[in-house]
Amino acid sequence: MTTVSGFLYPRTATGRSSLIPSPPWHYSGDLLTVEYRTDPARVRELLPEPLELAQDDPGAVALIWADWQSCATSREELLDPVRAQYKEAFAVVRCSYRGRTYSRCVYIWVDKDFAIARGIHQGYPKKLGSIHLTRPHPYGPAPKIEAGARFGATLAAADRRLAQAVVTLREPARSNGFVNGHPMAHHRLLPSIEKGGGLALDELVESGAAAVEGGVPWRGEADLELFEAPTEELARLEVREPIAAYYRQVGVVWDGGTLLESPAKDRS
Amino acid sequence: MTTVSGFLYPRTATGRSSLIPSPPWHYSGDLLTVEYRTDPARVRELLPEPLELAQDDPGAVALIWADWQSCATSREELLDPVRAQYKEAFAVVRCSYRGRTYSRCVYIWVDKDFAIARGIHQGYPKKLGSIHLTRPHPYGPAPKIEAGARFGATLAAADRRLAQAVVTLREPARSNGFVNGHPMAHHRLLPSIEKGGGLALDELVESGAAAVEGGVPWRGEADLELFEAPTEELARLEVREPIAAYYRQVGVVWDGGTLLESPAKDRS
Amino acid sequence: MTTVSGFLYPRTATGRSSLIPSPPWHYSGDLLTVEYRTDPARVRELLPEPLELAQDDPGAVALIWADWQSCATSREELLDPVRAQYKEAFAVVRCSYRGRTYSRCVYIWVDKDFAIARGIHQGYPKKLGSIHLTRPHPYGPAPKIEAGARFGATLAAADRRLAQAVVTLREPARSNGFVNGHPMAHHRLLPSIEKGGGLALDELVESGAAAVEGGVPWRGEADLELFEAPTEELARLEVREPIAAYYRQVGVVWDGGTLLESPAKDRS
Amino acid sequence: MTTVSGFLYPRTATGRSSLIPSPPWHYSGDLLTVEYRTDPARVRELLPEPLELAQDDPGAVALIWADWQSCATSREELLDPVRAQYKEAFAVVRCSYRGRTYSRCVYIWVDKDFAIARGIHQGYPKKLGSIHLTRPHPYGPAPKIEAGARFGATLAAADRRLAQAVVTLREPARSNGFVNGHPMAHHRLLPSIEKGGGLALDELVESGAAAVEGGVPWRGEADLELFEAPTEELARLEVREPIAAYYRQVGVVWDGGTLLESPAKDRS
């Protein structure tokens, strides 16, 4: 009798081929956040029942660029950094579930396969993209994290630019925004392999960081542009009113979540 | 009450953001296949129960490079070819399930996100890689599909070369190999979002092409090299005895499969 | 006394590290050509003296996508195809020099470093880009080279789409256009390493294929769009009047050219 | 009479399409340096006359990984960071010219086209590669710049890994090495467009930073591995004896150099 191991595929006798190792997953990175208000109807149309619009400020959106180094328990990825480093850009809205407010990532692009795989596990709807954000640096022309510093951020996918922002920092702040500040309410879904078979997996899950540390957030304002593309709807979350922009350096641990409901299983 | 649509994530009101549209999926492509025998114990260790070694020629392996253009029903991807073209390299073995012989992809690398997403649906354990194979061409120095023609093929991931082959064609053949000629028996799995929660999805599925057309296969021989890497075990399928190599141009339709068993659901 | 060898840098004792080997260079590839007329003033502003506008049809432009496999005399690149395959998109105009009509590439993007290096030698002003074009295929959904077949082609650089075309083939033709049909008149230039030192290299060179073979060209029409970008001026060559579009498979040999003039050297 | 402008190609009426703007060029970045001794004969074979081996420690080599953000005078690239950020890995040796000691880059790989173009100007023999190095970060699992911190660095080209290092920091130091500490003596060369025509450009140039600022260098030791590849000779600079490894954050300005000699022009 053979058993195979590995947190995800491909599973082998040793488990070391798995595209991702088991959580906990550890992250060091920089977050550039642009918050704004869009038409709440554009948010609502992305919230399948039983999720509802958040009661407070329902049209708030956060578009976040992140520049990460990540690893599992062994930390070996950090020393072969092609396996540790990735960038991502993602759009977060808020929603309400059973009276509680959650954050929810509605679009996300990353630039490595291990990040896609983690997203499948966590319910982040990840595609590949090309993501860039200015990095702070203590010497030369790059900005430091200080008043007046300017950071650029861009996102492209399938050879089209989808978003670009220029953020100017103004002052230290108490947080780096409120839209991405709740536990995440995400769906994990996979269609049945059989035609017309509905969903084989259909879960609403909750997760959040098991631990967060970080530097002083800085707040400022952003010029943000979103662009149309045939297979993307990010630009439907059009900017009605800017809120603020933020820069923060953080360390994060992620270590699993909670199943909120699984309609398919509940029906079985 | 909001509903969202889309075959896969991200799901939206229109469904057009989905990383992949619904099957059927249509493919035009070239297949370079290298078949050889490895130690059957190395195949067996990749077959979780209830799969067993194939009775006939249990150590047979096919390492296949493919250069694809693919699309869904609208065929619009073909006119924005960054969304249609991808390459892949994959290792296939055979196995037995309930007395029937299946093919099974044990490792696979692709170079686009939509191909990863299809693999999640079909049970192919896809990672990102860099894949290259010589293309036949009627003019200039590139080979034609004819006796003596030589084709190269390479695979790399995480900045390491994992495999390379040089194939020399000898003569037309009746097939392009036997290892990848059966229906596929694949697992689809996803761990529970909860720590220690086992598998949330654990399915054994069968699928195969809904339609295949193609040119005359050509047979020849290959020089194949496999290389070690910290997170890969392809090289454990070491070459004990070459069988043959093949080149074939094909058109394929894939349109769903069959659930063979779902232990988790069966237990519930 | 040490000598180093190699056609280009880096030069070593063996010469095998050179980014490109010596000509002749051999190419197999497919050419998708879109010809149209723009304002001749937009062409003239790209022609430094002593080049002048072509007398006949001075506003004609060809925007060409090419999908190549290339090699030097040993042909070894073809068997390690990451070193042979590349794609490019380039804009060609015509000009007049000493009463003779030349073609001239005014913008070009490629996706490999060896292609950039060849361009430095040949006077093609190459940048990196992401280039895609539909490939003909005998099976499945991809087009064949026949009446009604449709091919897409796209170009992006620095994460912005710069051009896209959809070409529909109508009938066989006698050529694949006239704009790129003359010897090329290109400048090769390099600024002095010294500030304000002018040009260290400033040559006007002529070159063309040493040999060409190819299939029957097909003609049709194109929908072409050009897009603005901060560091690109391709879109200034705006489409005033479509001419035609073409598809052709070719084999080409390039083996050096002729120095027409070298103002800096002539002055010395 | 038309004139075109731009520091490099493509030259246009406005000059804004040039692959690189005029110097000065400004850089913010991190340097990971591994110094060791190789057989001095392996260094000598890379030094064309009139360059000679450095008198002191002639077999010393520095293999340097750098993670840069760069821009020209306008600094606009920093706000569209796909145009500012790049990484490189390069091998530096020392040499003697007219009794003075110079540094000389003998191999270098970068990951952006504007970096290749600057290298053509400065005489760095740049190819494209895939370069990664661990970045220091104040939070989470990534290392800080402190005693015991470990950084990984890797280099690949043409889908083969060429070098990898793991550096462990021990203590602050007075410099980040001595091999790359002199003015650079580089060749700029371009073959004649005419077959057998020798070199059209053949210059020995000197350049160095116009300004440097930086943090405290840290010293430690490295595990360095070099790998063979068909078109690379980096591994010929084999490690005989480790010297030390260094990490330093710097800001640099480059603003031109000096022509030392131009044999072709001198002969004319």
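Assorted remarks:
For reference, chains read A, B, C and D in written order, and residue numbers begin at 1 within each chain.
We take it that contacts are C-beta pairs under 8 Å (C-beta built on N, C-alpha and C of every residue); 3 or more make two chains touch, one makes a residue touch a chain.
Owing to the predicted nature of the structure, the values given are computational and were not obtained by experimental measurement.
Note on connectivity: the fewest steps through touching chains from chain B to chain D is 1. Where chain A touches chain D, the two copies mostly use the same residue numbers: shared numbers make up over half of all numbers in play.
The greater number of contacting C-beta pairs, out of the two interfaces B-C and A-C, is seen for B-C. The mean-CA centres of chain A and chain B are about 29 angstrom from one another, to the nearest whole unit. Taking the mean of the C-alpha atoms as each chain's centre, chain B and chain C sit 36 Å apart. In this assembly, the C-alpha centroid of chain A lies 41 Å from the C-alpha centroid of chain C. Along chain A, residues 80, 82, 130, 132, 154, 159 each make contact with two or more other chains. Note for the complex: chain A touches chain B at residues 1-4, 7-14, 16-17, 19, 23, 44-49, 51, 76, 80, 82-83, 106-108, 112-113, 116, 120-123, 125, 127-128, 158-159, 187-195, 197, 200-201, 203, 205, 207, 230-233, 255-259, 262, 265, 268.
Residues of chain B that touch chain C in their complex: 26-29, 69-71, 75, 78-82, 84-85, 130, 132-135, 137-143, 150-154, 164, 166, 213-215, 249-252.
Within the complex formed with chain D, the residues of chain B that make contact are 130, 132, 154, 156, 159-161.
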